């Protein structure tokens, strides 16, 4: 086996810590050699949890580290475009968390730079594509087993946040369609092979977090998109689930259909108690997509090492941002 | 117990035969005394299957039968309004299958006449309200157990019709929203206590039955309705289910949610065969709502006999037609 | 249609009231004309609930009623054999609740009498055979779809009885195998076409009702029976279910298998509440087998009227009692 | 972090390859440095798949490798006892696949040696204990949430093996109770905290593999064990599942119950096809317990490095062999 790919991570927040631990211990062929965060507490975490890894306080220092071959960006979305450009211009491969940017123009700026750095890999983190269930659906579509897909119903629900902590991030996260629904948007475009949207409608509620109104966001978003082919996608994205985290998709084709993710529980157990059974819901996307994050990282490492094209291209990420923006703009509540 | 209610039925087609058998044998307090159909074969069926019942060839003759106290209309939808009026003017109670009419104006004509016949009962056949599952959801909402309901997701799917037989009825049935989706429309309005719709969007597909295009109908309809309260209802109504008949509803409130009808099979068995388990789908609405049709008939009979108000008023039926028409009109495919 | 079958019921306890209401209102072709109970309160219930029915205080008076053509016995098990004999000797058809008797000798006494009254129908009430799910399994076995059935796993659970009311009936009910498990015993023998048991073992617990020890009974019974064909049946019968009433059966054949009754809830709804979903269990056998009781009564009435053989013969009932007694005797706890 | 634990694996068959890949790439803190197999093809596999690992043709050579600190035995069951002893006597830590031995006497020989090597860790591979679902059940029992556990129903099914390949291993694998059921046996003893069995019965079938009769084995085993506490465990272990691999356990306590592993599918998708939905079964124990094998290895490595006691002691493994032997001996078919 050739040498391990030397990776530096930037951003050690909620998700960054997970990526860092994966890259350090669970991704064959990867070697986490550097980690950067402007937050001292996060750097102290890295010292303890990531033995032997060099710690920096920001992207510039990490880019200057000549041993780093690839950079993993898990920073706030508003920084993604500029940081991806900086990594590419530093001559390194780049993985960037979703979404690539909150406006199409920013995506296009990245695409321009990337075109001039064709030898470097750039990948965006829509990890659900690597989940076994979504991947199986895609495989079956490509094999023709579903016939022509004419409807995809998507639902992604986050559990209620009792503190409403997320509300203060709403203005910079891009709102529910760009921050959450974008996973399903990307998946739909993937399943439909880049079909062109021709009709769009969206609405929403602010039933539990009225403060979202200040930035035009909602706590439940509903959207319908029709594609040139006649296919219809419906989206329900929510921040107010009682039952826990839930991501489901139901695809219908002319020959068959497939339901993804229904009925999952935190662990495969059911409690029998007075009067019935309780199915404990999933806790969060970490739990549901733990393996997908790993497979995503494997795919990146494998693509760099074998010189294959990006497993999830900037072009695709641009289309997802484009459609998400149009849903955000269609939302008038 | 007082005397049995003497009922005459009009229309002995697919659904009429079921209603007739129920009223003849399975509804305590009811006595089916007359049945009318313009079709000779249907009248012959009645002679065999409904012993002792007087057979007529149309509504006028049946109305002239003085022993008939209540009339059960299971005729084509286009006749509902005029026939309901005729029954009321003949001084008899009336049960009319859904929908009351295909235009609001026709509903209003019926309402006008009904107001002048206040002593007679008039009821429209949205039988799902009497199904134990939907009724339980309504009961729990009324008891405050769900908090404020902010989203209702409705899905009603009919199995693929290999002959496309239904296509030729599309022009007179009113299209998918008035013919099928109207059940969910009525249920949503019931669950939300008659909330006022303020925003509407609709789209659809003609993936398997392109001929529906001739009358502007679709084989899958998708609609989103926002209500004054902020609540959102989403509808998916389909004629192209692979897995069989399916009617589900998922309600979300600020305190809790409830899912109705998910995972039902034709009989409570699972087949284990090579590589997995097969869950046989439901066959049709007869099978799913057999008991609901009975409970609906019980409610009518019980209301007449005890002088209670209509279990499902013409006013409610008018609102359902109104919203269904607006969805039909919003559909531009 | 010929005249309705005139039925008299004896025993208006927990189950008798249900049978009486069914026969009075829900069974086409049946007419409940008489009802008998030694308990005044039950007779008063009959006066209110069964209009037009003649009320007696015991079986002898009811047998003397010349209009009664068939008798429905829903009396304590210890009376079944003698009362069935009395009905047969009075020249009437007889339906007897399960089990036919608590000892094989008593079954044989009934069989002797029945042989001399071949023109009268005698049927025992194993209503589960008429449930759509068990009936479908039997149909599929007979059609060869399962191949050779080699294992049947049976589980029947009653909810915990907080008052332990049932404990005082244990001595006369025959214990858990004769009172409860007998349904599964009958079903296994039916599914296996009367296979001969060759090996038996049984055990049990008294975890919640230690007082059952006084009469040698248990609150959970476990038994394994091997049949001459090599097939194995395993039984778990319980009085201590937390989750509600539950009756399941899982059949395995050389070609396929079938699971019956798994995952049923009281109504087809799921509650979404904090942290997950709740599946409300079934309440009791009335709820689970409501339709089966009706179909059972239909089968009796239909057999009498058409002169067909008994839908569930005394011979079969004798075999069930025989095997149940052997399980009871094998139980040494 | 201290130095990684240097591990040598012996046996690179079906399961050995999996363990080897895990130890090489997926277990933090572990370093696979050596691998041994008498089979040349397996050694060639190791050269390709385990870069940098020293390859030996047998245990003695591997034991002579001074860099090896711990040995992972994935060899035929008949070798387990002697090889475990050899490893201990060579002064190394040892992990041995289940079962420890096919006779209690052999377990005792190992225990004797182990007592004299108290500073070395010895662990047996009942990996299900590390599965999140079984672990959660144990945690809840220990927390008192189930009350007193009075019944555990275990079912472990392997898919039908069309070639009957396994039949020729039956004589040396110890038969169905020692080879397969032993997992559930260990789990029951763990859940019941080492409860003492007082009553035992067992039976079985040879419905698809009559050739098993030659060594007294069966293709479906059924057993019931009662414990001193009054608790009852029932076992069904099968080699003839149509629907795929399946391992379920249902525990009942006086306060609550818990069901483990029901309804799992290969991937979390459902296929909708003509007439219903298909739930694809699990393929094999690799798929179901992939994570458990990893967590098991983690636990071993972590225990060695931190000087903690064995996560799964030889004493426990001896009890499992003891009870499994008693079930094997009780089997008379």
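A, B, C and D are the chain letters, set down in written order, and residue numbers restart from 1 in every chain.
Everything below uses one rule, namely that contacts are C-beta pairs under 8 Å (C-beta built on N, C-alpha and C of every residue); 3 or more make two chains touch, one makes a residue touch a chain.
Since the structure is predicted, the reported quantities are computational estimates derived from the model, not experimental observations.
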item: Length of the shortest touching-chain route, subunit A through to subunit D; value: 1
item: Option reproducing the contacts of B-C, where over half of them reappear, out of A-B, A-D or C-D; value: A-D
item: Most distant chain from subunit C by Cα centroid; value: A
item: Where subunit C and subunit D are represented by their mean Cα positions, the distance between them in whole Å; value: 43
item: Centroid spacing, where centroids are CA-atom means, of subunit B and subunit D in whole angstrom; value: 57
item: Multi-chain contact residues (two or more partners), subunit A; value: 242-243, 252, 256-257, 272-273, 277
item: Residues of subunit D that touch subunit A when the two form their complex; value: 1, 25-26, 28, 51, 132-133, 136-137, 252, 256-264, 267-273, 277
item: Contact footprint of subunit D on subunit B as seen in their complex; value: 241-244, 265, 272-281
item: Interfacial residue positions of subunit C with respect to subunit D in the complex; value: 148, 150-151, 153, 199, 201, 203-208, 220, 222, 224, 226, 230-232, 234, 236, 238, 240, 242-243, 252, 254-257, 333
